[in-house]
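Mind looking over this structure? Questions follow.
We just call them A, B, C and D in the order they show up, numbering each chain from 1.
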Amino acid sequence: MKSVAVAGASGYAGGELLRLLLGHPELEVGAVCAASQAGALLGTVHPHLVPLADRRLEPTDPAVLARHDVVVLALPHGASAEVAAHLPDDVVVVDCGADFRLEDPTAWEAFYDTPHAGTWAYGLPELPLEAGSARGRDGLVGARRIAVPGCYPTATTLALAPGHAAGLLEPEDVVIVAASGTSGAGKGLKPHLLGAEVMGAMSPYGVGGVHRHTPEIEQNLSRVAGAAVTVSFTPTLAPMSRGILATCTARAVASATAEEVRDAWESCYAGEDFVHLLPPGQWPRTSDVVGSNQVHVQVALDERTRRVVAVAAIDNLTKGTAGAAVQSINLALGLPESTGLPTVGVAP
Amino acid sequence: MKSVAVAGASGYAGGELLRLLLGHPELEVGAVCAASQAGALLGTVHPHLVPLADRRLEPTDPAVLARHDVVVLALPHGASAEVAAHLPDDVVVVDCGADFRLEDPTAWEAFYDTPHAGTWAYGLPELPLEAGSARGRDGLVGARRIAVPGCYPTATTLALAPGHAAGLLEPEDVVIVAASGTSGAGKGLKPHLLGAEVMGAMSPYGVGGVHRHTPEIEQNLSRVAGAAVTVSFTPTLAPMSRGILATCTARAVASATAEEVRDAWESCYAGEDFVHLLPPGQWPRTSDVVGSNQVHVQVALDERTRRVVAVAAIDNLTKGTAGAAVQSINLALGLPESTGLPTVGVAP
Amino acid sequence: MKSVAVAGASGYAGGELLRLLLGHPELEVGAVCAASQAGALLGTVHPHLVPLADRRLEPTDPAVLARHDVVVLALPHGASAEVAAHLPDDVVVVDCGADFRLEDPTAWEAFYDTPHAGTWAYGLPELPLEAGSARGRDGLVGARRIAVPGCYPTATTLALAPGHAAGLLEPEDVVIVAASGTSGAGKGLKPHLLGAEVMGAMSPYGVGGVHRHTPEIEQNLSRVAGAAVTVSFTPTLAPMSRGILATCTARAVASATAEEVRDAWESCYAGEDFVHLLPPGQWPRTSDVVGSNQVHVQVALDERTRRVVAVAAIDNLTKGTAGAAVQSINLALGLPESTGLPTVGVAP
Amino acid sequence: MKSVAVAGASGYAGGELLRLLLGHPELEVGAVCAASQAGALLGTVHPHLVPLADRRLEPTDPAVLARHDVVVLALPHGASAEVAAHLPDDVVVVDCGADFRLEDPTAWEAFYDTPHAGTWAYGLPELPLEAGSARGRDGLVGARRIAVPGCYPTATTLALAPGHAAGLLEPEDVVIVAASGTSGAGKGLKPHLLGAEVMGAMSPYGVGGVHRHTPEIEQNLSRVAGAAVTVSFTPTLAPMSRGILATCTARAVASATAEEVRDAWESCYAGEDFVHLLPPGQWPRTSDVVGSNQVHVQVALDERTRRVVAVAAIDNLTKGTAGAAVQSINLALGLPESTGLPTVGVAP
């Protein structure tokens, strides 16, 4: 058993990570650390984690974290670099924040307005890159520093990547509208996240290309396409706790046929444990992936407009965050990639 | 007081129409008719309509309907034409179905697969057409046959129309993703509409340009633009009872500036009672328009991608159906357009 | 037109009051005051109140409030007395808080732990007391100081009062379990009220008789019964924005029959505009009263256990707070009691 | 590996059972049978069960079922007896329906109006009966015919049983109000279960002691108490997919103290894997047990009314049905009772 410490254990990502660790046969829960909630019982903070109910959250002390085989950082953006600097090189450090996702310092600074901390191996093994690419699955095997993708980038990248990889999509003018459950906004106390505000309400935010996940989506699709992909991305808040539904459209190249489109998606994901391309005509639904590490994907070519419409559903906390972390840890430690990860959602 | 008969009074659109009629100072509820529910008490079918609790639904008899000043048809697609054929010319007939919305028989037949019934005055007075246009507000004044727009076309058309009217948007390659509450799917018993299926779930349907509202959206925007507008339209089902959030994007023409965009939307809706352009930076939320005839609109220019993103929120049953019907009836009868229509939502 | 000032206009009760005032033919919105939100635009705080979007919230200044015909206080518990002390005797002052609801200082101090501020006329005109009672409708006519009932006391009192008034229920051992939408907990930022916590979740709170509405429920029922009624009251939080469903049971006296029970409820509410006793067998549903001032009530006698089960549904913000305030203002000002109040819910 | 056939696999209980079997190390999915849905792909009926997506539902043929080690019947009430009659004695047959739960034919006939089929071992191992009791855990070890408890009886029995077992509660006049997610009503197409009807709505049903789970609750508590317990039971429908919150009150005997109450609950559940008595002051929440086999319980003595208030939260599909089935199968087959059962909920 390898021991995993969690910094930021009081938040939603931290709680989901603990949930997955409790079901993992090769990983065990080590130190559980928090900031303002240090001292609180996990049974109060995460009542669903019954086996950990009597554990107390500790302050986030790098010396404590450093004693573990794996450290997962589920911290606010910008906080990971300093903690990571105190951790030994041979500890597997997995950052659920954005700090080490982007390769381009200019893009980082434009969207985050702080100095770029660096770039780590990218925890999206399904990214269809050529064998040996440091940004893909091969870059995760044995890695000791891993950046977990953002939840929107995971859903949108996996929706569209097969088409970009196969040269079936124009790189310019991708349009994405995605709906997220409110756990994606975290546990911070903001008026618009109150239950009474959220229930019965759909609303967009970060409109006009300003959402910070935009450059990460473009980075992923550009890598896959081998050309600069530009994305109009509009996230929306939906009245549900978990889940992302990403509706992604891109212009098909002139020669593309519906059969080629289907084939590209099928062949791209044929060997993947966690991407489920639905049968033709059946579209993803967020509730079907709740609690699972699955991505449900469907694609169609709209012949009238010559746009390919690709839709992906994920659980933002599982495949969108904590599941991707565990999947990456599995690869880093040489375990089978799917070890301990749920492939079945809790529905209805 | 003018008397209004409702055919299809047992459904959601019919119920909403009755709700609005109960608050209207110049209209009164006449015959309330249904098909399979004929004989049932309204108190059982629509328990929220307390003042009508003891009224019984009657069978749909054109001879009964014909005795009213106004007849509203809230029937399944394809059923209106036959009923309408039995109604006198001087009765105001308002169809909440799709039968008389489209002008192009070819488009009708491609999407509905039945003969085209005809084209009536179009119940979207805010459509920015030149004065005197038969398809706009002027076509409704004194009209005796009116087609109420579809709910998605109302939201999407009003989101984008100012830009197309002002020549700020390219007509090709409009991309729309809209989320609807499940009342938009009606009261028919379908497994995917069960509460347990719907709560916690976002899912698309009618993907790939096959949704029947597509030609209506294109018809509206093309009229406004004076050129053929093509639309990639993806509707999604959201876990809420009421509301549509339409996220609409179109490529800006090369010369368009953010200021011109803002100005176009402001001037287009300056005199409208039911379109509320939010202050810059505030985005629409469906819960704010529940039960009201308002459209909340916001727009931004994404400079990176040169796409205009326009978002509209409506209540699909009010402005999306029954409110538009009453607004049209007001115009048809020579009443002030906003008579009896709520402008304030029930929130939170 | 009489002018109504609102203190605490930024909260849910304040917003609902403004919504009702906008639809009232004899009352107009005066000063809108807030504490920490003073200076904010109403369009930002309550986007659904379109006609007031450009109004700014003012600081809560008694001198400003005093210039109005009516002042409604929607303040945290304990804050009303001081403001009220600065208001002229001839201004109608309506307190939506708890400060002036209880008659018994001992009960007040036991549950609120502060000195008792006093007792005002009680804004529940449907309370079945003998004619002329100062605690009932007659006490509200012409009143200048009015305490609006709590939301749970309104629902539970109206569910059970006919039985206690008719002597059909034992006073001891009433058991009430009520479910409330989360707007009932107000707009304060508390972790358990976040959308992600609330959706999909039912949970009790204030269990064991400690909820502050308990003595108010007992006060009401004891008045009606003419004997000390004791209540076990358990409130629960339900995943909806608005609504209270109160399930109330009391032991039937030995002689009581099902017919007597039905008769007692029917005769008690025969003349009430805002209490709708449903036909036998049809039970209340919170969604049917959303946005309306109605109470939907049903009752049955469980012959096996000899308990009467009475259920009431209200909208906690309308009949539960702001609607009761307007209803009381109508009586205080000599207007017809139902003036400007919605009797139809917004459903589905 | 033992093979488990499921009859009624297309419903919610059947789907949940398949989900649990997919995670069970000693059980494997055998025949999956349905009635009207026979022939359909599981991927269409239960899209969340990805590993079974390509399996087709078979017709319900007793000869097929009989070839398995275990047969689970998730059929409509009244259908199990006939199927069970065709199954060999040494097959473990587990009925998720009500047919074999009640011991008293008179109670059965009063509530179900059909002949009593018989009484099987009762799948609620936590029922605090004396060692060796055929109705408790010992009756399940090695059993070949097992009746899974109803979802409400599970939650309510486990909430109150420790008090009745310890003689701290009066047997008469227990009052229970419980809220259930809509999956508890099954997948049948009924108008009041449509999403648009359910969201935002709380409503009671089966009021007045007529709900069929009433005699089962009384049977359980009477066994534990050693005296006839009478229960006023009111179920309500809540706007969530899964979960039951049972708020149960009973009069404390005169001598009972708060400490004795706490002690009774603690000692009763000290050794149970699936009952989690929360720390004093923390109350159960349905969302914390979603997808898990846990029962979260809390209890308090209301000194004013001398009522004990006990609250339990379960997932109606897991501990309330399919989890109890698997727990019982484990005991029947001699496996550790908790094998393959989740103890951690999926929250938020």
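We adopt the following convention: contacts are C-beta pairs under 8 Å (C-beta built on N, C-alpha and C of every residue); 3 or more make two chains touch, one makes a residue touch a chain.
Just so it is clear, the model here is predicted, and its values are computed rather than measured.
Common neighbours of chain A and chain C under the contact rule above are B, D. The chain with its C-alpha centre at the largest distance from the centre of chain C is A.
Looking at B-C and C-D side by side, the one with more C-beta contacts is C-D.
The mean-CA centres of chain C and chain D are about 37 angstrom from one another, to the nearest whole unit. Rounded to whole angstrom, the centroid-to-centroid distance between chain B and chain D, based on C-alpha atoms, equals 45 Å. Taken residue by residue, chain A touches two or more other chains at 12, 181, 183, 194, 196-197, 199-200, 239-242, 285, 287-288, 290, 348, whereas all remaining positions touch fewer.
Per the touch definition, chain B reaches chain A in the complex via residues 173, 175, 177, 179, 181, 194, 196-197, 199-205, 207-209, 214, 230-232, 234, 236, 238-243, 245, 247, 249, 251, 283-288, 290, 298, 300-305, 307, 309, 311, 313, 348.
Across the interface of their complex, chain D is touched by residues 12, 15, 19, 22-23, 41, 43-44, 46-51, 53, 183, 199-200, 241-242, 276, 278-279, 282, 285, 287-292, 294, 296, 342-348 of chain A. Residue ranges of chain B in contact with chain D, taken from their complex: 12, 181-183, 187, 189-191, 193-200, 239-242.
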